[in-house]
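Below you'll find the structures, each written out as structure tokens.
You will see chain A twice below: alongside chain B first, and alongside chain C after that.
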Partner chain A sequence: MQISTSPQTSVQVKPMKSMSPWAIARRKFVKNKLAMISLFYLIIVAVVSFLAPYVTTIDITRINIGEMSLKPSSEHWLGTDKSGRDVFTRLLYGGRVSLLVGISCTFFVVVLGTIVGSIAGYFGGKIDNMMMRFTDFILNFPFLVFVIVLGTIFFGKLNGLAVLIIVISALSWGGVARIVRSKILAEKENEYILAAVSIGCSPIKVIGKHLIPNVLSTIIVQSTLLFASMIVAESGLSYLGFGVPSEIPSWGNMLSFAREPDVLQGKPWIWVPPALIITLTILSINFVGEGLKDAFNPRSRR
Partner chain B sequence: MSTMDLKNESFNLEKNEKETLLEIKNLKTYYPVKGGFFQRTIGNVKAVDDISFSIKKGETLGLVGESGCGKSTTGRTIIRLLKATAGEILFEGKDISKLSGKSLQAIRQDIQMVFQDPYASLNPIQMVGDIVAEPIKNFKSIGKKELKTEVMDLLQKVGLPEDAYYKYAHEFSGGQRQRIGIARALALRPKLIIADEPVSALDVSVQSQVLNLLKELQKEFDLTFLFIAHDLSVVKHMSDRIGVMYLGSMVEISGRKSLYDEPLHPYTKALVSAIPMPDPRRKANRIVLKGDVPSPLNPPTGCPFHPRCAVAMDECSKTKPILKEVKPGHQVACHLY
Partner chain C sequence: MLKYTLRRLLGMIPMLFLISIVVFSLAKLMPGDSLSGEIDPNNTDPAYIEEMREKLGYNDPIHEQYFNWITKFVQGDFGKSTRYKIPASDIILEKLPNTIYLGATSLLITYILALIMGIYSGRKPYTIGDNLIAGANYLGLALPSFIAGVFAIYFFSFNLGWFPSNGSVDIQVEDGTFAYYLSRLHHVFLPAVVLGLLSTASYTQFLRNDIIENSRKDFVRTARAKGTPESTIYNKHILRNSIIPLITFLGFDIVNIVGGAIITETIFTYPGIGQLFLNSLSQQDYPVLMALTMMFSFLTLFGNLVADILYGFVDPRIRLD
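Up next is the complex of A and B:
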């Protein structure tokens, strides 16, 4: 990085863009091998999953009684499940659903949590009190019971996947709201926020343009970790049978075959692949999250 | 701005020299102290307790006092970052202390602020160009190219190189950062600039550069300053008139010369005697105050200074002295006069 402050050098060096804090973080992140490998793995999983129809042409819904519980072979790379469906194909399509649920839940949770947290933190006083008590209320809901109850209420009225996403998002934003609020409380004491008010920025602009960008690193790190826990939530609920409707393949749904003792003991090819891919995905997401945390931390020089 | 405009403005300056730009009447700003189970207000920190003064167009009023005496609160109340508890802030004859919404935003064009801490007062993730452009964008809709030219112009006026536009605040030194803050305050061509200890965070060598820059800009843009500081020599260098604050009250206001040569209030006398003189032969005749500043939560009755005053009388603990003109242009709040 070249710092040229004297007028002489500025003549030779064309006014070049200097590195923003974002660019510095990006450079640090790229140097982190574990995080980069994890990111690479995640991209491959995502791309292959979302391009599933182009990767394999096997029909995932057709039940083939003649090919029940086959061991892995050249025809069925990961074997078939108890209904004769190809495990590899279902793994790809399942990845689509699991990642979709994870991404959309994370998105809604982060957006909702950031809005609530930043408004509560910036305005303080009564607004803060009201919003945070409501957040406490949401946080106190027994998650599992509510997912089951709300799922039942909405069942049949909406697409099963949409219900799951809405229910998980509506119950999970409290943590993000609290973290964002605490960050905003600390950040708003800086004089540049007073300066922003004094140069005529409206409260929305102060929050959107000055406060949130400065706490965005925390939000991004939080959302990666949240993404992992959302995939776990989807898998867990589907395993129990309250998540993604059973006709749609997802990693959690595939894992739920392991509830049967003979599958768990004698047919590992049915449940090991989804278990493995869930574990690896969550591990990678967490490594990426850690990498981002280090990258955004000005004190870490790795 | 062309030279024609400049000439016109300096002509206007001469014409309006006596015009009052800002008048503060009985301003009070209290911070509520919450306590108890229901977070009720159980008391007030009287940060600014009934002060009045005025600033004429084109002049610099210095505000001095020790930390916690309410100087910064006064400044922040005038620019409406804080809400006044009572009193009037007349800007060009209009009371701005109760404005809100659009009319409050409109007044922000005319009053701007330079902040104390150049490290905290600039958004770390904005480019310097964007920091300086933001006030203009908030109020005027002008094209990208014109905006950039104007920002470049401002940067050059405060003595920053052109390529500063593309840099971030963390790449600059304290003095340069303060220049960026000044450019931001200037961007809207305000009439009044409140400088809240603009140099107290800077090296002594850089202080004078920034002070001289402020003086030059004052001439060029016909600015009026409310200059808040705790360094008496800095205030002396900058101000035409000086107000001395103690515990939320104004104890003395006067022209620069008369304040430093013949301070009237016992507190001002003590302050002036504490200015270090670069002359070893001169006998230091310091007045050392006893005790500490009382808590503004529970200020003393009568004159706020009487517990520490060497010449306090009975009356001082009973009634609060009001600011009265003792000599032409020299006001003091003390029962001695």
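Up next is the complex of A and C:
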């Protein structure tokens, strides 16, 4: 005997699909007003800066003696600097350079730090010991001192921007490496890693496919905070005169005009805009970073 | 604990050795001729220059030059400044007290402010006062020291005229008088606040969170249940537990001051070793530059070591490795 039930009558019960960790994080992040406002601000600054040649048509390189140190007016929204260049235009072009330096440094630092950290953490033993001693060695350099010295050596031999990015990246990956290593150390003890190894996954595959995705949230949060400190590093070095070459406008270079007492005292429109925009950018990056940290934290309820 | 400290101290030696090699190689790679100071610039006779090179040991193999330099360096002979024609150590020692004074004042201000604000915020969390302090903290964490310095000079020196904008002391004041010390304090206050801004913000935040966390612990509940006054609970029971982790930051403070001094001293044209470093770099005064770079590296290494040892002191589990 056969009992047949028509497929139409069976009630299909879909199992309640729980949200993935990424979806939960995204929902938490979108609900975080401060982080969202900061994100919008950052996107606007980035878009306007990278579209600078379309936003404004004023030539930034030409020195205009007739329009030196003009106050803000309808023609020059933020006035002109000591060489008669429009401050607003330079702010846009400067944003391009500053953000570019910040993004590329962050990218290199995160990639380098993740590679070193994950290899050291996964293999452990001698390799770990050697790599971490080297990381300690790098971390023990006073950052600013060596960036300035290295920058001076390579300056003029290579493209100034590239030198800055390479030097900053080469000296700051240690922190990321340490954090990634400690996360990997904890993560590799899980059974799924043992399973992956036992079915014959190569170490590269285990690290790339199984370990990194599981520590990615930490890496993302770290890279956000790193992005802020890279922008600080760029503008600080440029302020001191050891960063972006002075002929290229960057926020730090614009701020370095404030080193002249008469500009600092009497012509605030030259240095206040870059100072404010740097502070606001860093503030929003920090808020976004905090938001991400909160969103990825399974214990936080929002 | 003593064994751990000694082991860590011994571990510093190979690190310092490696750093000295790096510093030496960097100095060799520097642009310009590091001989310019020692050789009479008016005498362009190639034979004379060759003779001087030979005498000064610049023709020796590179490793011999390194060992010459490092042996002298360890004995405290940093070489002669190519610019000022006096021993590099004299120049550094002349500026060093200013930087130590700046750093110490900055640390003092940082800890006083962080303690006051942190304790207040931790005791009354989620009130208006706490939110104000939290807002100021966010700003303090986001404001780079050079921007804070520029704004501080603009407002407090130029517009309000409360503090001088440069130098370490008034020229007219006589050395050693009360007015002299007052003038020095007056000059150092603004740079010191700017230098300590970041640490102040992060320590305040740390202390606040730690106090709030501790105030939920069982020993506090017990103390409350026994009728201990609220002020005693906060000032004795909680504060003692929350301040201990704070002292581990002392090591990082040393590291921060090394980097911060360069920026802060440049903004305020404060005659310390940070400014000396940048000056000797632009004037290609290599002996001074090498000595300073070694000193900064040593301080950073030392600061990290102090931090690690203090960690071990506070948390005995760390010592085991």
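Some notes on this structure:
The criterion applied here is as follows: the second predicted complex is superposed on the first by the 283 of 302 C-alpha atoms of A that agree within 3 Å, B and C clash if a C-alpha of one lies under 4 Å from a C-alpha of the other, contacts with A are read in each partner's own complex, and residues count from 1 in each chain.
Rule of thumb we're sticking to: contacts are C-beta pairs under 8 Å (C-beta built on N, C-alpha and C of every residue); 3 or more make two chains touch, one makes a residue touch a chain.
Computed from a predicted structure; not experimentally measured.
With both structures placed on the common chain, the touch criterion links A:L264 to chain C but leaves chain B unconnected. In the superposition on chain A, contact is made by A:S20 with chain B only, not with chain C. When the two complexes are overlaid on their common chain A, residue A:M36 makes contact with neither chain B nor chain C. Applying the stated contact rule after C-alpha superposition, one finds that A:A170 touches neither chain B nor chain C. Touch criterion not met for A:I220: it reaches neither chain B nor chain C. In the superposed pair of complexes, A:L194 makes contact with chain B only, with no contact to chain C.
By the touch criterion stated above, A:L144 is placed in contact with chain C alone, chain B being left untouched.
Contacts from chain A toward chain B in the complex involve residues 3-7, 10, 13, 15-22, 190-192, 194-202, 205, 210, 213-214.
Taken together, the chain B residues at the contact with chain A in this complex read 76, 79, 81, 105, 108-109, 112-113, 115-117, 120-125, 127, 134-135, 138-139, 161-168, 170-172, 176, 181, 184, 187-188. The part of chain A that touches chain C in the complex is made up of residues 136-137, 139-146, 148-150, 152-153, 155-156, 228, 232, 235-236, 239-240, 255, 258-259, 261, 264-265, 268, 271, 275, 278-279, 282-283, 286-287.
Partner chain A is touched in their complex by these residues of chain C: 15, 18-19, 22, 26, 29-31, 138-139, 141-147, 150-151, 153-154, 158, 165, 255, 258-259, 262-263, 266-267, 277-278, 281, 289, 292-293, 296-297, 299-301, 304.
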